[in-house]
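Each of the next two complexes has subunit A plus one more chain, namely subunit B in the first and subunit C in the second.
Up next, the complex of A and B:
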């Protein structure tokens, strides 16, 4: 099965997003002849990254699925938008970091999927410094 | 351009068992280990010191066991955990054919090991364990830490970019950590953070 070409983009913005800002973007799935898209799931989420256990929470979720037996046609750009929450703000810590991203999962036939992520920054918390 | 939060190739999500594939010695493949386990009636143990790749190997074996028709019931035992978690005790809930996979088997008290073996025999289930010391099950593989393997792991994690963490850094941390691969990767995370912030 060919892998579809997935494009996920956020509207241009100068500087980081702030709480309450509206995040806008679009995605499209270029389908090659033998690839069938069963469903797509779009999430806006934050997750931690670092040395310990990881945490994750989904702020926005949208699923598009074809009717039973149908395939989705997503060749035209599909726009999305949502308001960003007050917290948690993006943080570049030493032991733990908080990362925001838009994640698009495209479900193909035979249990295969394609994952694409677009990171973004919420807030402007200064990065942590390490003491020498 | 909005820069995403700093990436660190040694973060938990990249180095946890399952995220990394076990790197086999040149004369051995994952299929060979599955075959050895099958030859012993699906019972066997992987023996090696702390941080030598036992958990990673179990995770690498898991999809191969599933592909061989075994239904994996996996559990991880932590320091001082002398009893099995519920999924290891509730034999009636095991799928058929079950393949019990116990990471950290040496933590179990002897009566708990015997009880588990009895349950596995009764249910005709397989039993695959990792342990620091041999426990009497058929030994499938001895894992041993190796600097070349560690360097290959770092190469895989960094995409071959040794500009922040050099091979000398890897060798030094490996020595300091007494050849414990897991702890070495932990230290490399901190070193990466220090260099990244210093260079900014």
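Up next, the complex of A and C:
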């Protein structure tokens, strides 16, 4: 099975996003030969990185799935937009980091999936410094 | 190849080794085994013991029988002989005269012969008694009907395996068949968080930030809100006391045993040397306990009040401070600190790492006295730096803002009290909270 060519992009913006800003972007799934797309999930989420276990919360989630046995045709670009929340802001801490991203997961047959991410910054909190 | 087939995952700093998919399959297999064990145990208990006993009590037909004889049977088990009572009865069932050796539906095994004899001494040969037979198999009859209550209690064991296995299996299958984002969306929806609702309450419009309501519920006497203390010194004292009693109780018993061996002339210096490090740790606990007693009893209440809450970076607030008790203070300081907390698993342990990322002294006063009935009170300004990170709390990670009160008391152990505060992002409109 060939891997589909997945394109995910965010509209150009100068500087970081602020709470309440509208996030706009689009995605496109180019299908090659026998690659079949069963479903597509688009999420806008934050997740933690660092020493602790990863936490994840979804701000926006949309799933497109074909009917039983059908194949999704996503060759035309799909645009999306949503308003960003007030918190949590992106944070580059010492042992806790909060990362925002748009994540596109394309589900293929036989339990395989292709994941594409576009990270972005929400807010302008400066990086933390280690003390002691 | 080893990387592809690695069957386990480990957290190494900021990354995790191993295959998540393989881990989920392994988890599903484990819970399937737990479920199968529970189901098998449940089936055996129900089919062999509980349902037959229930049928005997509910559906067996009553008849009259004559006792023809009694005996005590034996069987050999690993740790000796077990005895069981039997009564030979003649009864009429389904138009036929029948004879059987019986007592209860399942044999009653006891550890000694007199106990078994006591169970059948009420049945006299030649006398008639009620008995019950199985309408589906009239050759099966019992003289004594009753429920064995502990059998029903034992059901808890396989039932808990079934519940644990089913829940674990569903969770593992959900993990393999759905994405992390979809699971998170489902969980958030189930938790009643409206993802796309515009008109949410102020608290819900700041996801990931702890609700300030627990602090705002307590009004102050001088300023708007009184801050709750993180851990009360009384609870801390109780914790230290329990640990001290537990540790030193065990060590004391062990030392007592070694000393009595020496008194009896068969003491072992090796055993005594082995106990030394444990005794040293025990003494450390005693020192900690004495210190905590002094801090709890000697240092009076500490009270902090704030002019508004939650706090917003860059804005100025008034902080009121009160220290009661009878103290001669070398110094007293109030600090604003921000700490990151990360909880992670290491093997079977759950650990929490802390890292301080901000500390600023808001207030300091040296060489003064606190007299009973005349608490020391003062005010200072509280400003969270502009562009500082807001409070954040998720399941395993936290960014925590606190006010620390540090006291250096002359001739007394130093003390520290922590008060949590909630900081919102810069520019947040907190008036509506």
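Please note the rule applied: the second predicted complex is superposed on the first by the 130 of 132 C-alpha atoms of A that agree within 3 Å, B and C clash if a C-alpha of one lies under 4 Å from a C-alpha of the other, contacts with A are read in each partner's own complex, and residues count from 1 in each chain.
Assume contacts are C-beta pairs under 8 Å (C-beta built on N, C-alpha and C of every residue); 3 or more make two chains touch, one makes a residue touch a chain.
Since we're looking at a predicted model, the values are computed, not measured.
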Worksheet item: Given the touch rule stated above, what does A:13 touch, subunit B (first), subunit C (second), both, or neither?
Response: first
Worksheet item: After superposition on the shared chain, which partner residues are touched by A:43: those of subunit B (first), subunit C (second), both, or neither?
Response: second
Worksheet entry | Partner chain(s) touched by A:89 [first = subunit B, second = subunit C, both, neither] | second
Worksheet item: With the two structures laid over each other on chain A, which partner does A:121 touch: subunit B (first), subunit C (second), both, or neither?
Response: first
Discussion item. Quick check on the superposed pair: does A:57 touch subunit B, subunit C, both, or neither? Answer first, second, both or neither.
Written reply: second
Worksheet item: With both structures placed on chain A, which of the two partners, subunit B or subunit C, ends up touching more residues of subunit A?
Response: C
Worksheet item: So, does A:131 touch the first partner subunit B, the second partner subunit C, both, or neither?
Response: second
Worksheet item: Just subunit B (first), just subunit C (second), both, or neither: which does A:98 touch?
Response: both
Worksheet item: Common interface residues of subunit A with subunit B and subunit C?
Response: 49-54, 91, 94, 98, 128-130
Item to complete: Provide the residue numbers of subunit A that touch subunit C in the complex, in ascending order.
Response: 19, 41, 43, 45-46, 48-61, 63, 85-89, 91, 93-96, 98, 103, 105, 111, 113, 123-126, 128-132
Worksheet item: Which subunit A residues qualify as touching subunit B in the complex?
Response: 13, 15-16, 49-54, 90-92, 94, 97-99, 101, 119-121, 127-130
Worksheet item: Which residues of subunit C touch subunit A in the complex?
Response: 11, 13-14, 176, 179-182, 184-185, 188, 195-196, 205-209, 338, 340-345, 353, 355-359, 387-390, 392, 394-399, 424-425, 428
Worksheet entry | subunit B to subunit A touching residues, read off their complex | 2-6, 8, 11-13, 186, 189-190, 193-194, 197-198, 200
